[in-house]
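Both complexes shown next keep chain A, but they swap its partner, so chain B is in the first and chain C is in the second.
Up next is the complex of A and B:
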């Protein structure tokens, strides 16, 4: 078996045979001339970025959305998306970072600030005048689906004040910034499902996974965040407690992306890789071990399932689908769109918003094709759900929310636990 | 529980999965990447040269009995499998046909050389070099990797009437930089098909047939082809391009749609690197993920990972070779010096390409004593020993014949 070092990013450069399959499947190159395709931005241009070069020769690598479709289809195992990410970091290192991208990298801080007074923050930011100004001054696309701060308090506060299930079997939960500040309902549904399985949920201290910084080329700052998480999660990993996450992109960064991009392969990162799970993946594992309760209520509805590029990048199959297919009455339809377009913070940028919407058109069309009666769409990544809501006007839900509803624990429409609605 | 897991999503893996699924088995495919069809000319080469590269085969059917007893073709009913494949392509809306009278077709390559093939998609058939009509080879000015003057000149050297011409890129796309797949997507648009047809009509002369780079649509290919023939009044043929190759992608997509219809799940980007056997039975295979390895369980497994060029057989600089998933016995010489002949273009080919996994008459990998290595494992395609797809021009023919055979035996066992 190959070691990860064999696969280390720069080594894979020489495996490129210039076949152009990546360019043929790249959703961004398909819709714009501004990005010439992964082969050119990645393995080809990389030859001009070797040490000793004065500056990077290209700026169009900035138009790579980091969706990783190129990695997925490459027959030679070239880590094209990572090569591009490193090139972006080199440009940031040489020329500095635009203020907007600096903000995007700090979504956790933005979440925390907005969380102090969410109504005011929502009103202050999410109004046409502010959004127009943000576009003109900062370059934040005014129509992009930037989430609203949760007005029900953050997830950790909710978790701290509720009465927990105490049990022998324990599982640690990594909620990520989006669940904590924008969509606490996803975390509530996850906790309800995990407790329904008879597990006690523990909440490790945690911080932003660093994905926004990695995507915007801020590698030194990203490394600080990643190392901080490593330290905070280590006691749980050492105790053999599985850590499950509902944000599939956070899980990907913690298990693999940060280690690879920042070249941090060691025993500690290896242990985290083996100890962390996407929640659907972990539930599928329970199913295979015969531990998943099947006391489902019937859910008579059609739900389009968009397979997020972040979820595909795990190479774990489609566990969300495997689990949802158990629910009687539920007709889950799997789409084959390559990417929703939003891709982290990509579609939030004014100059990239139109590209992101064009890329997303395949996913939107798939959702629309499932009929007028469709109320919800599901995807493992919050970014995709927000983009699908924006592009189709359906309601985006995490697979675990649908599962919680099927267990009779959760109101899918109001996004509340039934136990808390009385 | 699945009945069968096929490892590999190339032509042989897809045909094996299709055959087993049609026989009623619950089948899934796991694959490291997309199959080599993305590089393929989209034609089905069965047997172009035998016994060496200086001796063209006029009819593969007539030559089959001359092959060695351990050649994969000798182990199965290849002509029946090719007929089944042709029928399948008709059912998928991407009809393939061959020359009449059981002979190989000779079609122009992207360099204008003549190359033998057994079955070709309809859009390539009018390129048959046995036909007399003069050829107008049309390039797209600004398209990379397609050179009509080179093709026409080489065809003339072989005594075929041919001339070259160009149409401007903006007929097809407003973009300045596109590869063949992006141009093919652009030509899915009926308005652009008509625009191209009008340009061709201006330059084609009476009695000429028109050769174009293989970019005539992807999802809407049949319509693109019909529109061009109807509007120009000339026979149209595609010439395969350098990779990525649109005719190969069309075949890949058609087969994937067919598999989807049969309920065969295809997971790509899953690199199978380990397995567990209880005695002589394989219990599961494991693929690499971002976290813990993923187990894939089934009653039976079918190996279709390709040969030494496809990744199914690995080698290192010390001369070690190994089969990538199950570490099956290989027929490859242990000494690197025996892998190659001294000359790159030696007409007798290089021995390494004949090496691979030996199988019995039901396509189960066997050891040196001829006994099956695992009770529930079958193999097909490039990973098999005793065929040289490069010398013989038999890559797709072997993939189809052995894929169908192994899929059948696996589903019946």
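Up next is the complex of A and C:
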């Protein structure tokens, strides 16, 4: 299927010096012997896969969660997770996509459908009977933390209704599917913070970033989505508007994951890469430029900060932490768990749910260790927040929500803008 | 001195000699084969890996071409498991646009070599890294062939038919008949592993020592002028192509790229050398191969290379003195009785790996003439053990490791060699060094070039040795190779003792590291250099391999491994000065 070029990620297998560092870090290989580890499934196995092969020799790559921890620790620059993703795509190409994974790939459509009548959708899907059926029929893990549809309308509708700040300085916002359909509050908090900085927020047309499809090996469909976003975002990139995103994993896909996996590197993707920001990263940049207001209220609490593997993969340090640490009274504690386990759509799969929970145990333990009094946990990726909520019964919040609360704009508990509560 | 009596003594454990032993045994001759090192240690184990379709010789040497296509069809049946059906392209690169391609096409047609011209688009779809500026592309039935496995399987077949295959047995001199110096009656042979001499008496001695054939013949006072044509090859770390790529032009240096097993091999050069034993790789050869390789696969010169090696062509042409590239690839059977008045001796020389079976057939035909006819040749219809596994495909080891959950059993992770494969190779075939196991199961042939498997393998052999001392030694001269390549089948094999186990683990380790190092030096840059730095840290910094106990111990191979395999610019300057 995908042809090889010298730029293909699979070529990075040549960088491997067999040191096994990745093997000792892979959170999945540590808890299951269904997956042999990054070196074995990645650069090593890749030498036994022909580019035009008729059948894939191995299927264990399916157990790679795509957390990219291996890429991060590899001293040689092997793009192991992407090699695995491409091997998965080859398998899908040969054998077709399981119905469940097809659905996972289309979470945007699910979001849109549920959004039509969210109460009914929530009731219909989030009850023990239908979850059990979904597990039996589709293989969707019955206990996995599938989000609820937002019952107060989607984010874009809210944005369209409200009165916007008009300003010279503009910033474009990429909300992603989860904010639009499941957690509009994150988007509201982001808009409030951006406006508080004096920026006019514009909302480009956009679609699903394609992460679920990439993770499930549906490359041709993922390529369509990515190209569509590329086209929709191009005018903003061309105008030099920074595009900030609250879903760090969507941002990662748009910046580099899609181009690397799909072998699409060109001037346009380069420009998008330069124009996209994780919102915390962008806020930290404002801080460094002396543009970040510091009119914070005190927030007296302990908040465990789980570093999402997707955030790590950006190689941008810990901007969320850098910004939250400005808030007086706030005691942010950085965890060092490698991955929450859920990793995209991984932990939603019945056969992988237990693995995901075992992987997540490190993160859960870290959160629990911060004391009984902890109410909120924070992480840059919604997936991690949902998994942490599921594993620790704390409330998950995006760093920008905490920031909005500290600016006095947002009720962290009820997830509402104070201006809208009056 | 122990004595062995036989009908035929075959000298040389390359493809040709082993083929002769197989054919002879099938025809009912009592046959003994001696090889001074391991089977395929000579040219056969240092070749390019191409099962010729004949396309390469079609214009220049049509007779060879015809033999190639005929043998190609036969070997696909008798040695199917040693062959990958890659197919081959003849690519007309921008440099090759001239009258040759048309001649090539016509000649293929003439000789019945299937040759189909395909569009550049179709060619690039199949081989995306191929030169996109190619003018024309022809498809021929080339293949990739594993000469280690093919020769081992043939040896097993020979042995089943009754032949005795003795490796690490070096001919010291041919023995003249008492009172009749014009008759050879066998050879004095040194059992190098045990350090003792053996006399082998034979009605007919067949010299199949390849590039060394002249040295053997000389001990009987016969002159055979072998032109040793050295050829160097480079292996890139993984498969960049899955089809053999040939330039469509008169055969020259660096114009073939073969995908074989997990690597991509560019070759070859062709240079007359003095001594087949001391091959050095010159910097200009490496440069030339990279430069020429870029014409078929632009960018290949920047790929990671894991190894360089050289083999020497056993070219023979009576009274020929030209360039070795232009010497014929034909083979000849020299009947020294007719040619030199020395009876009891035949020499088989020249040819290609692809034609080894035919060479054996012609040689044994000649033996039949001299010793009285036996059965007709049956090798073309007799599959060798292992053939039941079908053609080789790249993914098979990976699939078997996964399906049988053998990942924790891997000794050589790069080439997916399990512990059972290694042990069975040592237990079923005479094994003196880890390099012998490399030829059996590909130990240490991947990117790390022995970095992670050498110490493991040495330790495992040590354990075998300890077990050996507790039970009785088996016949060291049997071969069992049909299942060695398969991680899955080895897990179930019945096992015995390590055969020929002599070295200490430290010696095994040092020898293998030295052997691997030899082929690394010529390509030591970039990513492979990074790898070797890690390997160096493992062995020299962590294990102190330079100062292990029994520092003075040597094996029969130690000297060979520690000879420099590369000539440096400084050497060349010193020589020219």
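Brief remarks follow.
We adopt the following convention: the second predicted complex is superposed on the first by the 413 of 422 C-alpha atoms of A that agree within 3 Å, B and C clash if a C-alpha of one lies under 4 Å from a C-alpha of the other, contacts with A are read in each partner's own complex, and residues count from 1 in each chain.
Note that a contact is a pair of C-beta atoms (placed from the backbone, for glycine too) under 8 Å apart; a residue touches a chain by one contact, two chains touch by 3 or more.
What you are looking at is a predicted structure, and each value in this text was computed from that prediction instead of being measured.
By the document's definition of touching, neither partner reaches A:290: not chain B, not chain C. Shared-chain residue A:19: touches chain B and chain C both.
Of the two partner chains, neither chain B nor chain C is touched by A:240. Legend: residue contacts after superposition of the two complexes on their common chain; A:72 is shown touching chain B, with no touch to chain C. Of the two partner chains, chain C is the only one that A:60 touches; chain B does not reach it. In the superposed model, A:128 lies in contact with neither chain B nor chain C.
Once the two complexes are overlaid on the shared chain, A:36 sits against chain B and chain C alike.
Overlaid on A, the two complexes show chain B and chain C touching the same residues of chain A, namely 19, 33, 36.
Listed in rising order, the residues of chain A touching chain C in the complex are 3-6, 13-19, 33, 36, 39-40, 44-53, 55-60, 76. Across the complex, chain C meets chain A through its residues 125-126, 128-129, 237-240, 242, 262, 299, 302-304, 394-399, 402, 405, 407, 413-414, 416, 446-448, 451-452, 527, 530-531, 534.
Against chain B, the residues of chain A that register as touching in their complex are 1-2, 19-21, 23-24, 29-30, 33, 36-37, 71-75, 77, 251-252, 255-256, 273-274, 276-278, 281, 288, 312-318.
For chain B in complex with chain A, the touching residues are 32-34, 36, 38-39, 175-177, 179, 181-182, 185, 243-244, 249, 267-271, 273-274, 287-292, 294-295, 311.
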